[in-house]
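Should a chain be cited, it is by its letter among A, B, C and D, assigned in written order, with residues numbered from 1 in that chain.
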């Protein structure tokens, strides 16, 4: 029919679908899942960093960290809004998250045990997120692509700040340098796994590529990321905990050592060090805030009725 | 002068301790918009604290971080209100309501301070604090007129925190000596009362009839809360004295 | 009548009234008030010391402090039980406390801001309490007197521990010694005021003396306490913040400088540094524990019904 | 030997961190009897911690206080369960339920340790822990069968904390090397399961079907909570290094 034809045309042209356009149900469902997972990741991703706001070792770093975590709440807001244009409400998506029925990026189920983790998250985790997200700025669904443009701009700022934290530590006293290296060691493999399973084990990728909501394969993105890390880690004077990282002159791609996909699956299945804690904390904040949201709604209704009566 | 430094320290410590308290809400607020709003307010306060502590430190050759991380409890000059725990969202809103109406009157007058640096810091701060005022007043109305539960929580918050209002408006030898470089705290009380009363009246609430607490923060006599705040805030900086971050 | 006659006889003999004996209403009311105030003081008095359990600077001190605060809960239990024999339930008394309708010793409305306060509270506050309480071991109401015997035994143990804390600090580094002196300075006047207003301003004392539930006047007890402090403070190598403390050879009593009774009245009227905090914390614990007490009651009822059915 | 010291450190850190957590309840419990009971348990745990840390310290020439107050986070050996926040009373009871049944099996076996000191500490501890077991089991029953609210809170607590059970029963190279001086953690699991199950069955509750958390406490990899616990616990001692108290 006409809708499908227009949709196919948009895909072929690599142009954009907007909220009122017809779209296949599966496209809509996939997008809602992908965007809401991304939004959930921003929200849950606030926790590991919020964990160090109160203990940041200088006021400047405290301000930068606070602003960063706050930006993540903002990203969550844009992304939930983008998903809402597809007909699913934020309440519903939040409900799925606190009920433990929605996914978010597994990386946030690792604990932040030292201040250097603030650097490693910024540099590596945000770095990986950027590699993933820059192509999404051209995603075929308009509101999603536009949200990603804003998100990516802020993320690259965050990545630079993370790099600076590590640089300062790497140039600090031996204990600080050790703290930085230790954080890089701990976050290296989990950040590589952020790109998802290897291509030969990634069943949904093909359809998402056809719909222009995925532009590069998991392994392509991972390789690009490894290259970025390998170059920048030298500036830091630190090292990656993977002796097999190298540039393959034949394939012109970066290669890395084997990853423990068994651990990845464990964490994904809820057995990460902080899965229960992250979810419980979100649930608690949601539950504790229930009476506040109710009050705001009741007040808005009263004011609306008053204005109505006055009009 | 050291007097101005001491004065900046009071204001800076108020802002720093409040920023520390508010920062806890980020990732725990009742809705995402409030994670952002409370985060903004915390950032503003932290910004004011940094300007004020940097200026205060100039009097003794210390940096903002030396003042924030390497003073002990009796050397802090924050008033008790700022040290009070977040409590539930209503308690935090009441604290914000008192603080922002107080700080607005303070910074508004300090824009005319005879000390140019204080005046400049105040000129920037007063605009931000005006937004904080609006934020807290809106929430006072929503909670007061929203549901029975929100109203009763708000009233409990008011009873809990109103005793700490008095300390904010106490004059002492320092503010007397500083004259027009500072503001006599007592001179702001009438405007504070009038403006907070307007909001409370619209919220159909009477000013709580509770006794005033003794205070003492400006002399380094603090509530039991400050020790815990500092233990957490300073732990890492103190573990690596002299380190750069 | 016979009841009154027996009661008067007991008073004259300085013997004991027991729960089933007849007693004047005013005697009963006064006792309930006095015993419950004492119980409340034990309960509220846990807070200033509990404040340092988590931060006690050695494991030995932590254990001693924990045991002490726990003992105070125990004292509260004995005393509420004694008051219950007069026909007022613990629930009712607790209800009055959390509603802000009952009094407790004003001393607990001062904050504990340093570790040395653990020493000063033990040495001075418990010391004053003992001076007050030892005579109460002979109180005319039996259950009260017997509760006081147990309480006093533990209090004198606590006092010695407080003295030891101060002694250790006074013999420590200069900062520790300063911390000790500072705590003694802060707790001195409030602990003297624990004996209540001067005799010429203490309207209820006469009746209580007649009923043998008060044995010495406020000023007598205060003077005795000042003497005790004045002697012990020399062992500590510290000083009392009152240059007018001296032994009057003529009256054979200890004298002290003027006290700020205005502050005393302020704190009594709720304007102490921690009045609101102490009450709120007790209320919070009481409210938070409501569902637990309900569950225990419901479970007990179910078990009773089950046993009934089985019998 | 250092191996026995390391083993004592594990058990001592478990007990120390738990005592620190439980101590918070004193003056905050749902009824006075529980202020006393939880205080008793905290004191028992602190006592075990002191014996164990004193013995552990002997291996490196350190005192109990040097170990408690001057180690950093990665040097602690507590399992994650002990670090978990108190939560509401139900969460604390669930933590106690798991801990006390685990510690009972542990200390019961350690009374036969080939290390005489470990055996002596265990002989004293097992009696106390037996009481902790009884206390927690009674409360599991009361909460499970009391009211709807108490049951649902208890179930939530079980779901929250059961993931940390696995770590307690993990063998590693150290426990293997120690042989009969220690207990192979995995060897206690069956008895733990059987005995906790008896209580849960009476409480009409199924063992929660939740994934196991990763753990790592024995290798110094801790939950995010430990840093806060240590910041508070160590603040004063670290402020005056070398001081005597």
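Here is the rule we use: a residue touches a chain if its C-beta (ideal position, glycine included) is under 8 Å from a C-beta of that chain, and two chains touch if they have at least 3 such contacts.
This is a predicted model, so every value here is computed, not measured.
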Graph distance between chain A and chain C, where chains that touch are linked: 2
Chain pair, C-D or B-C, that carries the greater number of C-beta contacts: C-D
Computed distance of Cα centres, chain B from chain A, in Å: 34
Shared interface positions of chain C, touching two or more other chains: 55
Sites on chain D at which at least two other chains make contact: 227, 231-232, 235
Chains touching one another, given as label pairs in label order: A-B, A-D, B-C, B-D, C-D
Of chain D, residues touching chain C in the complex: 16, 19-20, 23-24, 26-36, 39-40, 42-43, 46-47, 49-50, 53, 64-65, 68-69, 88-89, 141-143, 145-147, 149-150, 153, 232-233, 235-237, 240, 243-245
Complex contact set, residues of chain A against chain D: 48, 51, 55, 111-113, 266, 269-277, 280
Chain A residues touching chain B - in the complex, by the definition given at the top: 43, 46-47, 50, 53-63, 66-67, 69-70, 73-74, 76-77, 80, 115, 165, 168-169, 172-173, 175-176, 281, 284-285, 288-299, 302
Complex interface listing, chain D residues touching chain A: 73-74, 80, 159-160, 163, 210-216, 221-224, 227, 231
Of chain D, residues touching chain B in the complex: 72, 227-228, 231-232, 235, 238-239
